[in-house]
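Listed below are the structures to be examined.
One chain, chain A, links the two complexes that follow: it is found with chain B in the first and with chain C in the second.
Our next item is the complex of A and B:
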């Protein structure tokens, strides 16, 4: 049912007031009480952000963090009706506003995104799992990957160091984030560029590790086949144990 | 949009990313080239990084506090606790601070223990820490 025009207008005025705190003449409001609405709504937003971004809160300190939340709350009109997605809009807002540059915290985008990705991976809809078998050869057979993962590229290693110390460490960092099929918990791995290259090619091109070994040796300048085999075997074996790799793809896939 | 760049969608993207790093151009990087670290679960990563970042902020605050104390050495504080007494007072202050630190750490530990693995939640009432 469509709202009456006046009702819609009053709702918008109240919404604007709750976000910005700028008092307006809102029909039907009891003077001296309306600020409670703003307080309650802000508390929900602040609490949601505190829960979503505890590392950023610890890194920036209470005062600066509150400024960021206030800025987002009054400057942006959140679009999502789902409160768990609000932190992503918060991240987007500050990335687009280049807040990190303005407050001289260049790592801010990376840190907010790193914290958001945990929520996204944890909460995202189930992705279809491939058919796989538990037996096979890690070099000769195609590997079946758990589809519930993302690889994130960061410029600052906020996943390993205190944020303030990362400003001097700008580079390329890769973080594998996946949902454990057994527990539903989100797991994190810090990958080297080469590991990332191997995983993305295995998944994209649906090839066996043996088909990729030549390229790996070439790009990494590895001459010892035994070293490469041992290293790959340990890496892939560990991913199988962690359930990022479920097993071996069935031939029909 | 700037915010779309972080997730690597394909090998092409990663190959492009790697070409910009020194990785491909370093033929003799040795065994570490395939190294990776298990950072643990979300809760473990969070707890570790919160501690690290809080310590960083606390150190910065402590340094600021020390600078403030230097000014007090001018004999303007009016507390009447300089010299020997002052030292005792400092020691007590230190003990107190340690105790408080301990308390706050155990409180933090409790808080951490009560935290669930996931950060996702529903919060609706707005009165403090519901949900």
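Our next item is the complex of A and C:
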């Protein structure tokens, strides 16, 4: 490397100061000015986190939130050159550090992830859409799904209640998060465990609903076929209306 | 594109740029980092922008002055992005944005030192080779020198000369630095290799103390910066000129008036033709004052 060790050291001292705010003995600077670099650097990071996590910021309050951002930026080495992806590193950092447990906010990981996933689904690269037709039978024909979705599993129902009220509601919660093919907007749908099971198997095994009905009846303990058909019709109808199901898969898919 | 006036495509004004009848730039500048690898709504906006406007790209994260190795995975993605968007110019900052393998997301000043010159030159050459296009490096604003062993002008000139790269001349940054470090802006520009300038940036700034200006990109361009721009363009061939604005987008009409102001100055000194909003063209003969070369027809 052509850079001398002392130049590298000086550059790192300025970098350290910008990340931590802890004053460093940086040679050859104009007194009273270097703090602007810390201010500008930190403002960019803080603003990015405020924009990405407005619900968490409101739930934790300004002081504690700032502590989390400072802790992340001084403790982590941000790796992404694309700052809009930095909120994911922020989530990962605090999940790894078990910050939620430390500050007695057990829902923290879920809330951060829930807010991040909206950004991720909104911005993720386009996925190839299947060929589909608008006519078919929801039980007999394979359904064609909008591929731009994720099912998120949460321990705390931060998607249904204000975060502070979820601490006593630990359990298994599922949220369908998907991108509208028309507008690109992100939509959320609370899923029961059974509906998550149905959706996952339909997509993963590329089968028709009729092929799954026996298993669904068994898992859910449903004996009435009419009751099961009505419930499935309502669920699938809702997904069609919301454009998570686009139509019916063509045989070539 | 030479002599044309563009604006940075920011998400906050993307709708106005694509739909408004008020804001009419000649070209758009993308910060690749803000658009790379993105699908959905913003990908549609990007594609629409590329269909409607010529594009330049201005990088943020290459970190040419960093001690650590260049991020080649990122540069590979960058090359794809530049090709996809048919970017006519790719520019980056003469600064560093990464330290101890951590991104800092702002522009830190490289120490003006000989070893830093050699280090940056080597990196610019390798990036240019890989991207298969020249890099235009931007003179950045800085608020304090750091352990300098040479002057800013010698630092910039030596890098441009040794790397064989182009220069993005940020006129506002020269104004800001001249004010902050008490030197003469015209003298500084006069010493730059103006025949290497591929692109000009213009922007507003904010004075935060009697002796300090911060380069904010959040305010309108002030008259002394327009005057410095006018003085500068008389000494060089036409190049694309960009209005940088990162926030405070309340007044779209005001942004257009800044574009118009830049065009009116350009038309006085460079032979250039602009499409008017009605599809008619307007042009003016340059004054011919101190042109670096013969006037050229600009398309």
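To be clear about the criterion, the second predicted complex is superposed on the first by the 241 of 253 C-alpha atoms of A that agree within 3 Å, B and C clash if a C-alpha of one lies under 4 Å from a C-alpha of the other, contacts with A are read in each partner's own complex, and residues count from 1 in each chain.
To be clear about the criterion, a contact is a pair of C-beta atoms (placed from the backbone, for glycine too) under 8 Å apart; a residue touches a chain by one contact, two chains touch by 3 or more.
Predicted model only: the values in this text are computed from it and were never measured.
Q: More chain A residues touched by chain B or by chain C?
A: Of chain B and chain C, more residues of chain A lie in contact with B.
Q: Between chain B (first) and chain C (second), which, if any, makes contact with A:134: first, second, both or neither?
A: It touches nothing on chain B or chain C.
Q: State whether A:193 touches chain B only (first), chain C only (second), both chains, or neither.
A: So A:193 only meets chain B here.
Q: Mind working out whether A:122 is in touch with chain B, chain C, both or neither, as first, second, both or neither?
A: both
Q: Between chain B (first) and chain C (second), which, if any, makes contact with A:91: first, second, both or neither?
A: The first partner, chain B, only.
Q: Let me test your reading of the model: by the given contact rule, A:113 touches which partner, first (chain B), second (chain C), both or neither?
A: In the superposed model, A:113 contacts chain B only, not chain C.
Q: Report for A:40: first if it touches chain B alone, second if chain C alone, otherwise both or neither.
A: Once the two structures are laid over each other on A, A:40 reaches both partners.
Q: With both complexes overlaid on chain A, does A:162 touch chain B (first), chain C (second), both or neither?
A: first
Q: Looking at the overlay, does A:61 come into contact with chain B only (first), chain C only (second), both, or neither?
A: A:61 contacts chain B only, not chain C.
Q: Kindly list the residues of chain A that each of chain B and chain C touches, one partner per complex.
A: Correct list for chain A: 40-41, 44, 48, 83-84, 122-123, 185.
Q: Along chain B, where are the residues that touch chain A in the complex?
A: By the definition above, chain B touches chain A via 1-3, 5-8, 10-15, 17-18, 20-21, 23-24, 26-29, 31-43, 45-46, 49-50, 52-57, 117-129, 131.
Q: Under the touch definition given earlier, write down the residues of chain C that touch chain A in their complex.
A: The touching residues are 33-34, 36-44, 60-61, 65-67, 71, 74, 96, 98-106, 108-111, 113, 115-116, 118-119, 122, 143-148, 208, 212, 214.
Q: Which stretch or stretches of chain A touch chain B in the complex?
A: Listed in rising order, the residues are 39-44, 47-48, 51-52, 54-55, 58-59, 61, 83-84, 91-92, 95-96, 109-110, 113, 115, 117-119, 122-123, 150-154, 158-165, 171-172, 174-175, 185-197, 200-201, 203-205, 219-222, 227, 231-232, 235, 238, 242.
Q: Could you pull out which chain A residues touch chain C in their complex?
A: Spelled out, the residues of chain A in touch with chain C are 1-4, 7-8, 10-12, 14-16, 18-19, 26-30, 33-34, 36-37, 40-41, 44-45, 48, 76-84, 86, 121-127, 148, 179, 183-185.
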